[in-house]
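Before I ask anything, let me first share the structure, which is written out below as structure tokens.
Naming follows writing order (A, B, C and D), and every chain is counted from residue 1.
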Amino acid sequence: MIRKTPRKGTWLAATVLASGSLFATALPAYAEAGVSAREIKLGITLPLTGAASPGYNKIGNAMNAYFKYVNDNGGVYGRKITLIQKNDEYSPQLAIAKTNELILKDKVFALVGPLGTATYTAVHKSVNLAKRGVPSLFLNTGFSGFSDKKSYPTSFMILSSYAMEAKIVAQFLKDNHAGKKLGLVYQNDEFGIDAITAFKAAGTKFDVTVPYTSGSQSAATAQTWVSQLAAGGAQVVVFFGVTSATAPLLAVSAAAKYAPQWILGSVGSDPLTLRALGVPVAVLNGAQTPAGNPSPNDTSDEYVKQFQEINTKYNDAPFDDYVLQGMNLGLMTVQALRAAGSNPTRKGLIRAMESKGSSFASVAYSPLGYSKTSNVGHTGYYMAVMDANGDRKPFGGTVKLYTTDSGSGPVVLSTFKRPAMPAKGLPSNS
Amino acid sequence: MSGLAVSELAVSHGAIVALRGISFSVQVGQLAAVIGSNGAGKTTLLRALSGLNKASSGSAQWNEREILGARPDALVRSGISHVSEGKSVIPELSVRENLVLGGIWRGDKSDTNAAIAEVVELFPILGQRMSQSADTLSGGERQMLAIGRALVSRPKLMLLDEPSLGLAPIVIEQIFATIDQLRRKLGLTVVLVEQNAMSALEIADIGVIINLGEVVASGTASELIDDPALRAAYLGY
Amino acid sequence: MRKKIILFILLGWLLLVIGDRVDELRVYQGAQIAMYTIALASIVLLTGYSGQVSLGNGAMMAVGGYAAALTLNNLGSPVWFAFLMAIFFSALFGALLGTAAARLSGPYLAGTTLALAVGLPAIANQFSFLGGEPGIFFDVGLPPQRLGQEFTQYKWFFWIATLIALLALFITSNILQSRFGRTWRAIRSNPLATELSGIHSSQMKILAFTISSALAGLAGAVLAMTISLVAPGAYTLTLSFALVTGAVLAGVSSLPGVVLGALILVAIPEIADALANRLGGGENVSSYLPGLIVSILLILSVIFTPNGPGENLHRHHRKKA
Amino acid sequence: MQKLLETLLIGVSTGSIYALMSLALVLVWRSTRVVNFAQAGQAMLSTYFGYEIASRSEIFWLGLAAAIIAGALVGAGVDFFFMRVLFKRAISGPAAVVAPVIATLGLLGLIRSIVGLTWGGEFKSIQAPASKDGLTIGQTTIPFSALNILIIATVSLILITLAIIFQRTNLGLSLRASAYAPEIAQLAGIRTARTRTIGWAIAGGVGAVAGMLVTSYNFLSPYSLDLLLVFGFIAAVIGGLESMVGSVIGALVLGIGLTFILNYVGTSLVFIGGFVVLIVVLLVKPDGIMARGKARRA
């Protein structure tokens, strides 16, 4: 207690410093966050670096390229779209911090394309998107849990759910691989569990199941997966995981000369990303995969052709499934913003999604399920086969689209015809 | 003049002045004994001469070239070897490696081997222990090894710090005899720091007595030995 | 003592008033500053006072975070009890580790705690009740109704975090000024002499480790509160390193300095972001610029004022006294 | 039985890479009394150089050579421009115990940021110099590949080279002498400061090899060598920090131990495995398995 005076001085100095910085910014006045006369600010969190980043790290740039294209052609009702990308490294904790930054600091109008099941679950709960009324469009995850409109009133899905994917794969297994020993490798979180539940419901029995923890995938862990699969004699192996897990799985299997019929989930089967991860694309040869979009190499597709042109001019990245997906998110976003009118509000955007979202043009073949009571995006898949170049062709030669829901609904062969690509890829809806 | 000339040398450790106004000179081929009690500053003097400690002022010239401020390894190159206090050998290395160490700077393997052979001739016991770890040597053997290592550097000036420290009287006698023999044979100039005043002065040409960081007396060894006042005050008998 | 209590109450009141005047982002960051303040106090106590180097404070924070979340979710206990359990379990764990640590010195202790920082959070992936990589939720609930509609969730976090931080600092500063604090300093500066004067330095070291862990655990629970989540990804090696960095930047033996350190940890990414925007380098720049600034600051401070920016100031005071 | 053999083989392969990092840390510790956390950063920076050369020339070994040279230069540079400055300012006070650790952590952060700003955070991969396909013995294929063999061979070659340098050459003698007793070495005419810088250069080169080998079967990113650092450090501590032989033994013990945990216990427990192995060793021998009677403490 003798040396108190100087200490108190330091205490006070520290506090004043701390409080001074807190005061540094004052409350700005605004009508709607993220919208000004010239600009609409949007935000996305996704893994740009880290174990789960390969592939996904291209989505933001692809969206940005599409937005630049739209901005160069007049923007949305004269406003330019700015997309702020934040790197969450696929960690829930970082995703929360980065989303907080997007909403509190950058004051974005809406989130578009936030990526990852675990990360978005955490973000939605922690940042409290619903209570804040922040629209969160086109989640880059197929977790069917997000289709609960009551819990996620401001969120909208886009991908067909993992449950739908699993149901369609289950149907495919029944039709084409009956009687064979089945194996399953899945990511042991909502992503994989979603699929498991659907397989169970469809009555598919796997002889070997190998769960892995997100983030644990590596060459070393893949060796344990493969030895389990091989020991169980699995002839057909279904894989529900991310590309950074597909890569070691296929590499190690090839190394161990273990060659079952692979059925790779739509999430983890991008050939270019696999190649970037050092896996020869040839190992994909013959692998079967459920797909929602046309092949990114299919230039006969009007969407693919237009997106490729934009990509060449604005992005300069190899055109793959992720770039296609990013471009399409951009296209959907612009349609949603247009539908929200010339003075967009967050509430207006959500209303527009509910009332007009299902008629938006999108590259995927299946119908969109948006309505006042549903935030479900696409609703179906077709089965495709990969070749030695990593390209995919529809199984059996032509696209056979199956639609279903995430619940107990049947798997139906669909005749749905998707809306045409807007002229020059520039939406004119309202 | 040729030889070692120290003048007005001062060394401080922070605020504490360890040595001040130290002046003495040693002719080439002479052996100077620096005598003083524990803490008098003898070791500091040698460390300043070999570049391990920084001098705060003064000068020290070896063959008319200033040596203060040079790095120890540079001084080895100009012929000055310092055998520091406490049997300066590296216990983790073998006897041979300790000896080789002294010759590395010359980069002449055959000459190093020749120098080692000479050392072994001088200290035959080391020859029997060549591949043993220096850790296993006795105190006297270690001191021989330390001197041997310095000799492999083929010095002209040798700074010896308390070679008798912690050794049995018979061994001390042996070491001193060797030092005497050495400098006669090789024409070495030697600065020998010792607490063991009598043994040192017996083989020395000149003596310097240091107390509390200052030179209190210097002269030929026999002068110092014969001065009854000094004998009573500093030489301890 | 009474003066100090008044000072802390005044401080608390000031902070709450400020909390009302600033926007939600600053309130959120205020809660983070409070969290870092507690975490840095834990390092200052351990390293600055008892002279032990731990790189594993992130792991201790994880223990606290998980203890709090599991208590709240499984026992349905009140929130304050969850925080108490965070303190209890991390202190217990700290005592165990401290017993081993007291035998280790310098780099051996650094290595052990580093291994812990890497290994412990990963355990969550092994046991399903710990929720794996996505973690488990830690929801302290909405602010009480009577605080009004305008009272946001983050302001509620800020209130709780600030209150906890002030209490923690108050108690820590009293411990440091007590007999224990003096003994720790004595052990740090002269372990042999202290041992000779009859003090069991290993017991004192274990005690320091225990209290430090308790503080870290508390900080871990506060961190979990601010993100409503405990997950391995929240308690990374990067966090452990950031804490050591903050402690050094703040002056490793200055308790008041921890507020400054916490402020720096929160402010630098913000400053770097602003700088990155101005430089216009995009994602790469904003990802790596904060690290660059922190590293340069760290290196400069180790070279020029290793004991913190307050070092020279304190020296003046001492001379006068 | 087969699984046991596989585990051992993979463990040796993994451990041999740890050995290089651990050796680099020990080399620096012995000469400078600093646990160099920046070793991972130096290795990473060198590996990026190696990656540039390897991906351009499509020859792994050319990349490896480039990485070794880069690693040696970076290591020497760190000692010359960083450590010398740091040690000129004798640090006292409460921060003295943490200052060197903090300084190298700061350097790690600095290198990481520079690498990140230059190359970005994307994963880079280097074409492995040998097949990653498992070897087939008779009917069974084991997950132990030609690449694993090559890794073990490369590490062995480097260890043998280092052993020859340290045991048979004057440079090695100077390095050892400067590490054990810098003052005596200096009095024997060794330029200890220069020798220390050479030691840092060797450590940098060895670390770069570790970085290249890890990258050959994994990916390269600004964070990809962090675990290598952690496990290398743990191995060094197990080995007692002073002993080069100890660090290699420590690394093999750790590599095999962790592979056993991976194959027999659980993937997620691998990380805590390092802690368990370490604490067990340290509780039995607080100064590592190769500790001499009287331990040097920092």
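In this text, a contact is a pair of C-beta atoms (placed from the backbone, for glycine too) under 8 Å apart; a residue touches a chain by one contact, two chains touch by 3 or more.
Bear in mind the structure is a predicted one, so any value in this text is a computation, not a measurement.
Fewest steps needed to get from chain B to chain C, stepping only to touching chains, is 2.
Chain centres here are means of the Cα atoms, and by that rule the chain farthest away from chain D is B.
The largest tally of C-beta contacts between two chains is found for C-D. The geometric centre of chain A is 78 Å away from that of chain B, both derived from CA atoms. Inter-chain spacing, taken between the CA centroids of chain A and chain C, is 35 Å.
Between chain C and chain D the centroid-to-centroid distance comes to 31 Å (mean Cα coordinates, whole Å). Work out the mean CA point of chain A and of chain D, and you get 39 Å between them. Multi-chain contact residues of chain A (touching two or more other chains): 48-49, 87, 213, 216. The residues of chain C that reach two or more other chains are 125, 287, listed in rising order.
Counting partner chains per residue, chain D has residues 120-121, 222, 267-268 touching two or more of them.
A complete list of chain pairs in contact reads A-C, A-D, B-D, C-D.
Of all residues in chain D, only 170, 173-174, 176-177, 180-181, 183-192 touch chain B in the complex they form. By the touch rule above, chain D contacts chain A in their complex via residues 3, 10, 14, 120-123, 125, 127-128, 131-134, 136, 141-143, 145, 217-219, 221-223, 259, 262-263, 267-268. By the touch criterion stated above, chain B contacts chain D in their complex at residues 50, 52, 71-73, 76-77, 81-84, 88-93, 97, 100-102, 104-107, 149-150, 153.
The touching residues of chain C, counted against chain A in their complex, run 1, 3-4, 7, 11, 14-15, 18, 21-26, 28-30, 33, 125, 132-135, 137, 139, 153, 177, 227-229, 231, 233-234, 254, 256-257, 259-260, 262-263, 267, 283, 287, 310, 313-314, 317, 321.
Interface of chain C with chain D (complex): residues 47-49, 51-53, 55, 100, 103-108, 110-112, 114-116, 118-120, 122-126, 188, 237, 241, 244-245, 248, 252-253, 281, 284-285, 287-289, 291-292, 294-296, 298-299, 302-304, 306-308, 311.
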